[in-house]
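Each structure below appears as structure tokens.
Note that chain A is present in both complexes that follow, paired respectively with chain B and with chain C.
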Partner chain A sequence: MDGLIPTFRRRERIPPIEHEQMLNSPSTVMPPPVRVILPLQDTPEDPYEIFVAVGDPVKTGQEIGTIGKGDSALSVHATVSGEVVEVGEMFHPLVQHVASVKIESDGRDEHVAPVNYKDSGISDPFAFLRKMGVPMGFQRIHAIKTFFVNITEFEFCFNSRERLILERGERVVEGLRLLAAPTGAKAVFLVEKRQKNVYEVLKSFCSVTSNVDVRLVSKPYPDTLRELIRQKVITDQENGVQSPVHQTMVINPDLLVAIHDAYYHGQPFINEFLSIVGSAVRTPQNVWIRTGTLLSDVIRYAGGNIENTRRVTIGGALMGRPQFSLEVPVIRKARGIYAAIALTFQEERKSRFYRRGPCVRCGKCVDVCPAGLVPNELADLVEHRCFEEAKNQGLFSCLECGLCYYVCPSIVPLVELIKLGKLKLKGRNSLLVFNSYRTHSY
Partner chain B sequence: MKAIIIYCSKTGNTRKVANAIQSGLGGRADVIRLDLNNDGLLRQFCPDFKFDLADYELIFFGGWTMVMKMHPFLTAYIQRCENIKGKKVAGFATGGAIFSKQHAVDDFTALVESRGARVLDFHYVTTLLGPLLTERKLVQAKQFAQGIVKRYKEGKIYNL
Partner chain C sequence: MSGKLIVSSPPFLRNGETTHCLMFDALIACAPIFFFSVYFFGVDAFIIMTLSVLTAKITELVIQVLFKAKNFDFNNPIFSVMESQEITVMDGSAAVTGLLLALTLPPSVPWWMPVVGSAFAIAVGKHVFGGLGYNIFNPALVGRAFLLAAWPTHMTTWERPVNWFAAEGGAVVDAVTTATPLGMMKMDGQTTPLLDLLVGNIGGCIGETSAIAILLGAAYLLHKGTIKWHIPFFYLGTVLIFALVTGHNPVFHLLSGGLLLGAFFMATDVVTSPVTIYGRVIFGICVGLITMVIRCYGGYPEGVCYAILIMNGFVPLIDRYTRKNVAKGEIDIPLVNKILN
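Let's look at the complex of A and B:
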């Protein structure tokens, strides 16, 4: 009923109104927040180490703990200077409670003396990066022959990657060179066809380097591609198989900037580049913030009204994780924040075109699926509890991108059903394994 | 007297009516457009948007009739907003056919009274997706707002 042709709810991938303005306006730097929460685990089962106690004074960039133990440990640094006020289990945006450290700022923002790679005395560059807290797949990085840098924006409300290339393209390319140099790997930038300005900028930088290539692709790649590769590696290791996929890795440009800064300036990974969008903020923008800043502080900084904010996701509108509280920290690898004012409709007042209906076999989900699956079949199988058949049809190849649900005219919760299938097949841990924000190395 | 107009519009007819009502109030009214998508998320930042109506004495709710009822966006807002109890409320609606008028009035009145507010008056505009929304109807909408203000100032309360 909602339109001239009252058959289907029609949806198109239209970027929001502020998209163009956001891309053309320079990014801002958020001042250091009053307090930060720094998680020391990705999941409640992870091992961790902690070097500080309650009451200790810390400086910006000081190492306060590690995610993981021993050789695979990834350092966590204090992102503001001040005092440790709490150590223990705290809210995490993805998993309910993990061990974290809460620091209250003293407002002075004193940094520890930076130590770059040459002065550090560490011979292995990857050990140095791990010490600097750059989250990457360090365990298999020596076997990598091709790095893919994903510049495409799957979440169409964000454009932080494009903005990053336009502002700090040199650092991105230099960071990629540093990453690929020890192993002699190739590197490929994936740029979508519509991102013409980014393509030109990257071309001008890459013409001087031989191992780096820029490729135009027709469709954007979701972030969970990285997780899909990782899952395949894990399952193949169980079965004893080797395939060319193991020699590839997908990384994001913001990590390359972090690598550059760590290598040359000795800066640990404490700054993140995020997009803040949605109707709850006055000025949607790309912003540098300190890791561990609380969501409420970020939204307030962007001119939002906390009272009216009803729906907040870390990540975009399609693949983001809805948040239950605004007192959760922004974690590493987060791509952006989507905050919106929302109204809940009464079920009996909804038109039947807003309610879930039966699958009409229109095939729209099949058209848009980036993994080439048949989502309606998978959801059907999961609904009828045929989990093994669903697995044979490629249930675990699903990227959980959410496009199928987005285009579905009958509003069938396809992604939720597919996630449920994964959960049922692998137990509760499966969702945590498929966690694209995971920072601990593999 | 502080007034607020809250409306939802899809093709722009209700927006025209809301603008006419605002001019009838002498331009001294806050306006909120519920520009939502189908999941109930507001599309753009609206500085005046709030769920708290404590500051206002006179409230105008407007929307288009969908399946002979007020639109879900507006009803969701009315059910959600706070401090509406005891306020004086006026409604306006646009719709394709005049037959929907009584249904819309009944629905709106039941909804507002369930929240403890009182409906002063209701104005219905037949638009038929645009062609029937003439200049004269906009003038009538303006007069409707002026009449409400006049009655409000004189202390008369008009019952449906």
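Let's look at the complex of A and C:
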């Protein structure tokens, strides 16, 4: 009767509920770090330009290089003032090595003089945003008819978007207005039903702004929704299909704040708004940090013990990207990446109760799936190598949100099997499956 | 510098629930039924339940040792049983099957019937198909159907519950044969007081007589999320509506026989019920219809067991036709389409 142990232990909430309460306190601002690493590439193949050399003094907000070349170049700005100490290949949290610039801070944090849109003399607002380093899907932006602003928090304990709306709501709405104005698009805020206070705040803003709407949704939606739309657009264009989904884009509210700040105050995009959560962190909080801050500095700031930290992910506990080193920078939301940090720590339980068992068809994964799939059958098909059948059952509609694995009582690695099926169908044989969506590029 | 970091594929969190939880929740939910049945049927009920559970576990252990376990060390059997991955007898699923089977037996059956039935349920109902998670039919009901077909006389002899208050001078009278409320209704058109139906002071199987005990257990299961409300709700709702439409007493039909036990403990068996929500709805409605057809127009007074077994066979079909289909464009970008259209 040793199986009784998990029956009574399962309701321990992981992560603990206190963390959510801590996250509801006002956000903090992390002081400029000692050193930052600024990647100039999103993938090792990307072209890039660099404007500084080793030994150069830089100021906060100074343009040090671009991701990409020519018209599609996206500027990278120094996020601390100081001296360039190293230029070359360094660790990147999503890909192994990319060209980066390392800056050592002098502690003075001198800013360059801000230049807003009116004074800049650039006629195209999107070119100005690119110059300010605001990462967006600029190729598609002229065709967009509907912007979705995802305020729902999918990952456990994250609530940076909620805090952002409560603290800087007017900037979010104004940024959305700026973004939608050139194309005449409308915008929809997606708010979860339990986020009552956010709904009230947004409602009051929307009553004075036209073309902006707030929708209550019952379930939170994962950030891979954006990638799913992108994927669908690409496949539909190959097949020559047109659908209204092509004219939609999902953006995050922190990007809207960045657009507002760049347009009116001439501030380049050098600040990230992140939730820092997890058991390795003593004080979970929402914090503004400089882009390029090393993960170890962030953990220390949040009261974490570096020695005890065993699992660090960029992103949340359900969908994040695991990190093998703490000496990697917090990447800027390069072209729309969701770069919150969750520092979760949970040793895999090695007890015999937590071994994988056969699927008992309890249907819990079906109940929680946000895409309405049947994950247990998909995983079963992939395991028996019926990839085409799995594709017909919606393998590529999977958002890889991880909820099915979270609830599975048989501990079937559903998400890994589904990702494996996707990779097999794409003709790759890799077993190293992290996230088959290229979340870091548009 | 920090220690080594763990790199693995996301997600990194689990809610800590395992298959054991489902099984032991079912056992805990059976506790009120256990106490009520021991109260009403005395030591007989206790012996039947104990024998059934023990036989189920021993049968599973023997089958797994003989056919499943690799490198079983007969010199050190206890350690092997505790540590082997193939031997899952301690996970509680066999105990649940044995207990549920015992709950569907009359209290007056001879001692060997739970033993035979439970061994048959585990061996043929479960392990022939491949063990936990692969069986098509609810093993407990397979065992009951087998016993009913093989020894119908034993399985339809009912014993009146011990009436503790009427027993004079502590002298417990010998077991008195009676009929189930459904049997009385079918044969003689005789009704039973609702209070007796509710408390369980009626003839019937060990676990099916007391509605209060079953509802207590069901409340626990629903609270813990072990069973979903769909199947019981639509099952009982169908029975209610069918009874109303055809002019039977709906409350009598809801409380009598094995309906509540079947709706909350048998039909909701996770392995043999559909996974999709619409599938559960269809399953519940169909089981309700078949139950009432057997009860009102069939030869048997009770139809829950066969109704559930029949619909168990249709579960793969139901699942296939209720899941969303990519070819029909039903799976798309979930939320966005809803807002755009």
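In this section, the second predicted complex is superposed on the first by the 387 of 442 C-alpha atoms of A that agree within 3 Å, B and C clash if a C-alpha of one lies under 4 Å from a C-alpha of the other, contacts with A are read in each partner's own complex, and residues count from 1 in each chain.
Everything that follows uses one rule, which is that a contact is a pair of C-beta atoms (placed from the backbone, for glycine too) under 8 Å apart; a residue touches a chain by one contact, two chains touch by 3 or more.
What you see is a predicted model; the values in this text were computed from it and never measured.
After overlaying the two complexes on the shared chain, residue contacts for A:318 are found with chain C alone; chain B is out of touch.
When the shared chain is aligned, chain B and chain C each come close enough to touch A:307. Of the two partners chain B and chain C, more chain A residues are in touch with C.
In the superposition on chain A, A:59 makes contact with neither chain B nor chain C. When both complexes are aligned on chain A by C-alpha atoms, chain A residues 1-4, 9, 307, 311, 344, 346, 354 touch chain B in the first and chain C in the second.
By the touch criterion stated above, chain C contacts chain A in their complex at residues 2-25, 28, 82-83, 85, 88, 90-92, 131-134, 228, 270-271, 273-277, 280, 319, 323-327, 330-337, 339-341. Residue ranges of chain B in contact with chain A, taken from their complex: 10, 34, 36, 38-47, 49-52, 66-67, 69, 72-73, 75-77, 79-80, 129.
Contact residues of chain A toward chain C in the complex are 1-7, 9-12, 14-15, 146, 148, 156, 188, 190, 215, 217, 221, 225, 228-229, 232, 244-245, 248, 296, 306-307, 309-313, 315, 317-326, 344, 346, 352-355, 357-363, 366-367, 370-374, 376-377, 391-394, 397, 402-403, 405-411, 413, 415-416, 419, 433-435.
Those residues of chain A that touch chain B in the shared complex are 1-4, 9, 16-17, 278-282, 305, 307-308, 311, 340-346, 349-351, 354.
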